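Following this line, the structures themselves.
One chain, chain A, links the two complexes that follow: it is found with chain B in the first and with chain C in the second.
Here is the complex of A and B:
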């Protein structure tokens, strides 16, 4: 049977009942029905950020638009500092997490026996433990170690969170790579470490890229850890932003402007890495 | 072999195991402000939490209800989106880029934004309702409407995640069974029901397990939208532990609630793990 016959048999169902072009209209309507709900809150955020403080409660009415909110937000040193800190923390956490979990995922994928089994069960269980069970004591632990409200005090807990899930995903990446190349390298005199570093790691780069993007986005957007583990010395963007909307003053326009600023880098990272993110989301 | 996991083990022990154990230690002590000695009181905190009618009657049903509703809604909507994006049509790339938006937005920004849109006086949702001639709803003062807003935020955040993973799953399915179904003139629904769905099941199970565990510990969106209110009506288990610890300043009781929640979710996760292992080879 040839391809045209198969294609010819297809429109026997629902779409055949539509008028010519009806299928296209239907898909356009469906596309709009999907895009509007997903884009609207972000669109609304951008619109709110462009309104002057006096008109912010009636975003849907009036036509005054201004970019003063952005000037006002960016003139506050704490916002600039928070942008810088968030960027540094996200980047460093990504590098550290990937470094630590690549070896751990490789070990889970290539070794057999009680130790890998125990490690796998451990990370599965610790992935399930709710954040509230350890974020509060973590506050005391970081204070005891003298790293509360510093880069390390936020970085290392972030890395600890990522270990469980990322080791699991990394294991998946390495499972997809044929180990016979590594065995060949080891027969030719490469050490196990050399086989990992020179053979397995280059092959895992597409997966690592995807995970790096997701890790960066996740750390950039994280709120609870930043709220509890930092204070005035190390302001973090999500926390600073949320502080614009509290019971004392609802400065929606300033909050929105900061939120749009926070969205910028995430947008750039996602758009450039869209291909890799889609791949990274494959479990 | 051990050197490969040494850094990971060190970080895990220092920043996860130690805090969890110290939290468990707290849960056996009287940590309220008038007792500076932190007296060891055994299981009294657990007893209190398990007898608390708020915890048993509101918080646990809320948590499990939220988990089930969130996973079910995002799964169904995500599956529909994935099926839609699986076809080749002109607007496909645009839709795919747009549904990436919720993945980029910090959950706390999304939550603040949705709270703003559902504001009872100035929110756009009520403006639209009034424009349609309907009565405005004060969304966040009723238990069920507040719950609906929280659920909506969660579904908004997570549907794209489901859609993209399921799409990746759909695209990796072999073509042959679908061609065979076409040759046999199977209709769209029967093809979906008897071919797509069973073949997609492993991916769906993995998604459901990961998402169910995450939904159980949801904190930030509920905290931002309602803070657990009205009158503790939308409190999930994470919020309960946080409120007991920091608003009622009884760290022992909050920790006991956190430990109870952790035990529940670990048992639940182990059960899920068995289900998972039946469909996919996770560990090996």
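Here is the complex of A and C:
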């Protein structure tokens, strides 16, 4: 092998000039540069939650840290109730949504004809409508049905939104599953429903997991529906958090402590389901 | 008894007709191959037999019972798919047992059936693996096993070898033939590969544009193709077609085309008499052409420059330019050195020629 050939095999340009490992360091620095703007507000939130109320606005007022904010927040019954309600609403909305979106996504993926087409069009139209424009009609509907400020009053709109948004993701997952397996199951003694339930659904578990995590996080973080469709009977964490803004000012330290409490479950869910969420978002 | 009888079967999707007037009687234990190019309706026909597609017209009977309105599970069939269609969340053992459990077979019998199928297909060591841990060939064996355990009336195969590489495909073809001898079940096999069709089928049905072109044994199709499409589809390399004009001189028939002139004894080709003065198509199989000038009046010759030679090891194939087309010649001695561009002459027995013309049932039907 001659020298020219060896030189030709080396990557040319800027990266070639770096010392061994330099390329990796450069990429690490670039990654840090991208992550810091995203991580900084979260870090600041955590720091604020650990600062006394007097130290929030003025950095020069010492370096005192305290966990009293958490005690104060958790001593308020409404916060505990909101934590419980948010958890229940998120979990129930996820379970109900999965049931509908799995079948809806399967129909969109596998069937052709007037019914799937009409369903597809309906979902598409609802997706085109701005999210915020649903709120006022939903307020009147929940009032009329007598489910305002109840679990159902918040669950049903959430499930409706999930159906419109997540049926597409589920369709994508079923598109990736070979329908021959279901045909084989039908020949092996299953009905169409049996083939869906016993073959297509187990094959779609990674997709369903991603969907469950996305549904749960979406509902857990949702603010607008919770603000308009609930009141004192069914407090929701995202709304309760905002109630630390009152006529005497803003209690940033308490709001931050509540926000960190809200961050915990979402962080745990995301960390455990990161692999599936990424897959779901790529569909 | 498990004959499969299709009578005037038709399938349309709105205005698009996928299969038209399909008639076929597959005898008990017979292995029938549906072959044709993509979109010819062969897979649709198979799926109609399986019950995965509704029939637009006609009847399908399995074992004497019309099954048009029966669910796939009630037709007592088993099917092997192109992508194997194994259940990824189950072990090989559970894949094999799935259909039997659905039929509420006792566990002891399921175990015995799995052992028997695994022994036949040599997949005993794979029983506790998941499909993703198997190679393509192993997955295909498991898919075959899923059919065997059920002991159905009919096996249906939907291009089961097309996902395998060439070497494995040849091996699986042999294994399928062996399997057939051990488990002689009525089978319908769909493929677009004419080699698979010729090697596996007791009878072959050639399809094109939703219509059956010819039904026959592999040799019937090869020796007496019903039309130009079948002639071109069956055989490798494909048959050479030359457009010629047919005239008569004394007691001889003369075929003239770009760069060729064949003289045929009129008495032996009396069937061509009606086409005198018209343009027809003559077909010559590459395997029937030999190097050298015609040796006597019962041979025809073609002369032209050699364009390409393809070395295959045990033989070489040639392409000879005649007029504006290349005539393929197969089975030439591989040690023979032939220079590209050199003028060569090849000849074929006049008896081996095929003649096609537009007829009442479609274009290019067989004349003699």
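Throughout what follows, the second predicted complex is superposed on the first by the 258 of 283 C-alpha atoms of A that agree within 3 Å, B and C clash if a C-alpha of one lies under 4 Å from a C-alpha of the other, contacts with A are read in each partner's own complex, and residues count from 1 in each chain.
By definition in this document, a residue touches a chain if its C-beta (ideal position, glycine included) is under 8 Å from a C-beta of that chain, and two chains touch if they have at least 3 such contacts.
What you see is a predicted model, and the numbers here were worked out from it, not measured in a lab.
*Asks:* Answer with clash or fit: chain B and chain C placed together on chain A by superposition.
*Replies:* Once chain A is superposed (C-alpha atoms), there is room for both chain B and chain C without a clash.
*Asks:* So in the superposed three-chain picture, is A:203 touching just chain B, just chain C, both, or none of them (first/second/both/neither)?
*Replies:* second
*Asks:* Considering only the touch criterion stated at the top, classify A:190 as touching first (chain B), second (chain C), both, or neither.
*Replies:* After superposing on A, A:190 lies in contact with chain C but is clear of chain B.
*Asks:* Examine A:181 and indicate which partner it touches, taking first as chain B and second as chain C; both and neither are also allowed.
*Replies:* Second partner only.
*Asks:* Applying the touch criterion given at the start, work out whether A:217 contacts chain B, chain C, both or neither, answering first, second, both or neither.
*Replies:* First partner only, chain B.
*Asks:* Let me test your reading of the model: by the given contact rule, A:44 touches which partner, first (chain B), second (chain C), both or neither?
*Replies:* The first partner, chain B, only.
*Asks:* If you tally the residues of chain A touched by each partner, is the higher count for chain B or for chain C?
*Replies:* Answer, by number of touched residues of chain A: B.
*Asks:* A:130 in the overlay: touching chain B, chain C, both, or neither? Say first, second, both or neither.
*Replies:* Once the two structures are laid over each other on A, A:130 reaches chain B alone.
*Asks:* Using C-alpha centres in the superposed arrangement, which angle lies between chain B and chain C as seen from chain A, in steps of 10 degrees?
*Replies:* The angle comes out at 90 degrees.
*Asks:* Would you give the minimum C-alpha distance from chain B to chain C, in Å, for the three-chain superposition?
*Replies:* Once the two complexes are overlaid, chain B and chain C approach no closer than 15 Å between C-alpha atoms.
*Asks:* Using the superposition on chain A as set up above, list the residues of chain A that contact both chain B and chain C.
*Replies:* none
*Asks:* Give every residue of chain A touching chain B within the complex, in rising order.
*Replies:* 1, 6, 9-10, 12-14, 24, 27-28, 30-31, 34-35, 37-39, 41-42, 44-45, 48, 57-60, 99-101, 103-104, 106-107, 111, 115-117, 119-120, 122-138, 140-141, 156-157, 159-161, 163-164, 167, 196, 217, 220-224, 238, 241-242, 245, 252, 255, 259, 262-263, 266-267, 270-271, 274, 277-279, 281-283
*Asks:* Can you name the residues of chain A that touch chain C in the complex?
*Replies:* The contact residues of chain A facing chain C are 178, 180-181, 183-191, 199, 202-203, 205.
*Asks:* Quick one: which bits of chain C touch chain A in the complex? Just the residue numbers, please.
*Replies:* Chain C residues touching chain A: 50-52, 71-73, 75, 77-79, 81-89, 98-99, 102-103, 146, 150.
*Asks:* Name, in rising order, each residue of chain B that touches chain A in their complex.
*Replies:* It is residues 1-2, 4-5, 7-9, 11-12, 14-20, 22-23, 26, 81, 84, 89-91, 94-95, 97-110, 112-114, 116-117, 121-122, 124, 127, 156, 160-161, 164-165, 167-169, 172, 179, 182-183, 185, 187-188, 203, 206-207, 210, 213, 216-217, 219-220, 224, 237-238, 241-242, 245, 251, 254-255, 258-259, 261-262, 265-266, 268-270, 273, 283 of chain B that touch chain A.
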